Amino acid sequence: MSASNRPLNRILLALIGLASVAAGAWILLRAYPQLVPGLALPDIALQPDPLTTTIVVAAAVLVIVLALVWILTRGGGRTRRLLHVAHEDGSVEFDVAVARDILTAALQRQPDVLSLHVSSHTVRSTGTLRITVAVRQGCDLPRLRDDVARSIEQFDRAVERRIPVLLHVTSGVRATFAREQRVA
Amino acid sequence: MTDKTYRRILRRERFRSRSASVSIALGLVALGAAYVAVEWVLSFLGQRALLLSPQEAVDGVNSPSVWGVTAAGIAIALGLVLLLLALIPGRRARHTLPHDRLAIVVDDAVLASAIGRAARTQASVPADRVRTTVSARRAVVAVTPSSGIAVDKPSVQAATERLAADLAPAPPLRVAVSVLSSGVVGS
Amino acid sequence: MIAGRVSVTPRALETVARGVAAQHLGVEASRVKVHLSDKQGLLAVAIAAPLRSAPFTGTDAVGLVTQSEHARANIARDVTTLVGAQVGTVSLRVTGIDIVETRRVL
């Protein structure tokens, strides 16, 4: 649930893909001009002189920097802060740990729950609580849903507001590293 | 919380973001750019090329050899893979469940095991006799009966459909129960 | 009123503030972090600590935000009284909830 720009991801993939296809196609058409009759691709002539060398190096540096920046700014949006109320004479702030403590206590006696993870994310300036629950095989899903909903009701009363909540129900294997399964 | 917020969150949960693919692709592009710059500078300085000097590469493009054509083929194949990744929605093996307070997303494996449990409870068979597969719009429950003990297929079908109706997953699931013709001895 | 002056070191102030906060939050002082600073001439108290609360199963539970605001006000009042320096702001960061059954003292 990161704040990544999904359409932009796909546009980038498409652009790089198209560039790769175009480059490959160019070479193929130079090798087999008969594939597309009437198309004469020009020869490429380059020589490494001071001007072109500076251009190439500058362009490469730019590309590398941009790529690094992109890769390193992945997966943002996670916050430690659950809520914040500011006044003239100070403020009150709650950590995500507050939600974690309340929900862990509320779901302690749940037989189907193997583990519970709580985190807070800001997606498009809306703070959302993400609850990941790992359940055992053959879980009573309707009951789990209703019990979690009831715990959230308690949480709502405790923090005196309704924060958007995403509940992700997953099987016992660590979701991040498991291949997606469809069979049980 | 606004319906719109939840719909956006759930849509993001149901489809892949392609962040990993972009990172890998950009990483390769950066490596390629670094390599090209290194070869170019080496050539400019009159040094030997690492693998392929710019002049050799240009000659390889203008009149491609077998290697050139192979490289071109690889480039086209990779490019098509990237285009596919860009265009295909990349649905994750998950379903969303409706609720007025929470946004709920459930892994298909969990759905499968819940449906399987409803089936085996109704059919009174042990857990390893029921195999449930959940895809985007279908849930298939295969029950292996105990030899000599008939399984009431309609009631199992009804039980699983009741569960699916209670959960109301999206996209909607059509449940199909099949009882295998050959069973296993013992119950 | 006794003539004279009481001089209080910053560390002593922090200890006092920590104790006051611990008392109003219902937790041990060792779990309370306090940072004092000056804000426009007044004492600014920044607190990071857990908060003790009763279980939430009852329908008459007091909201945590309300509890925190009360604690904040009480801390400001008590610190001002105890150290003789006017507290201007109290920023409270609740780092967790200790859910404790309230014992009925007979």
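Labels for the chains are A, B and C, by order of writing; each one numbers its residues from 1.
Assume a residue touches a chain if its C-beta (ideal position, glycine included) is under 8 Å from a C-beta of that chain, and two chains touch if they have at least 3 such contacts.
Note that the coordinates shown come from a computational prediction; the quantities given were computed from them, not determined experimentally.
Treating touching as the only link between chains, describe the layout with one word: line, ring, star, complete or other.
Drawn as a graph, the chains make an open path, so a line.
For which chain is the distance between its Cα centroid and the global protein Cα centroid smallest?
A
Which integer distance in Å separates the CA centroid of chain A from that of chain C?
Averaging C-alpha atoms per chain gives centres 39 Å apart.
Starting from the mean Cα coordinates of chain A and chain B, work out the distance between those two points in Å.
16
With chain centres taken as the means of their Cα atoms, state the distance from chain B to chain C in Å.
That gives a centre separation of 51 Å.
Per the contact definition, I'd like the list of chain A residues that touch chain C in the complex.
Result: residues 83, 85, 89-95, 97-98, 100-102, 105-106, 154-155, 157-161 of chain A touch chain C.
Spell out the residues on chain A that touch chain B in their complex, using ranges where they run on.
The contact residues of chain A facing chain B are 1-2, 4, 6, 9-14, 16-28, 30-31, 43-50, 52-53, 56-57, 59-61, 63-64, 66-68, 70-71, 74-75, 123-124, 126, 128, 135, 137-142, 145, 148-149, 152-153, 162-171, 175, 180-184.
Okay, in this complex, where on chain B does chain A touch?
1, 5-6, 8-10, 12-13, 15, 17-19, 21-23, 25-27, 29-30, 33-34, 36-37, 40-41, 43-44, 54-55, 58, 61-64, 68-69, 71-83, 85-87, 92-93, 97, 99, 101-114, 116-117, 127, 131-135, 163, 166-167
Please give the residue numbers of chain C that touch chain A in the complex, ascending.
So the residues of chain C in touch with chain A come to 44-45, 51, 53, 55-57, 59, 61, 63-66, 68-69, 72, 76, 88-99.
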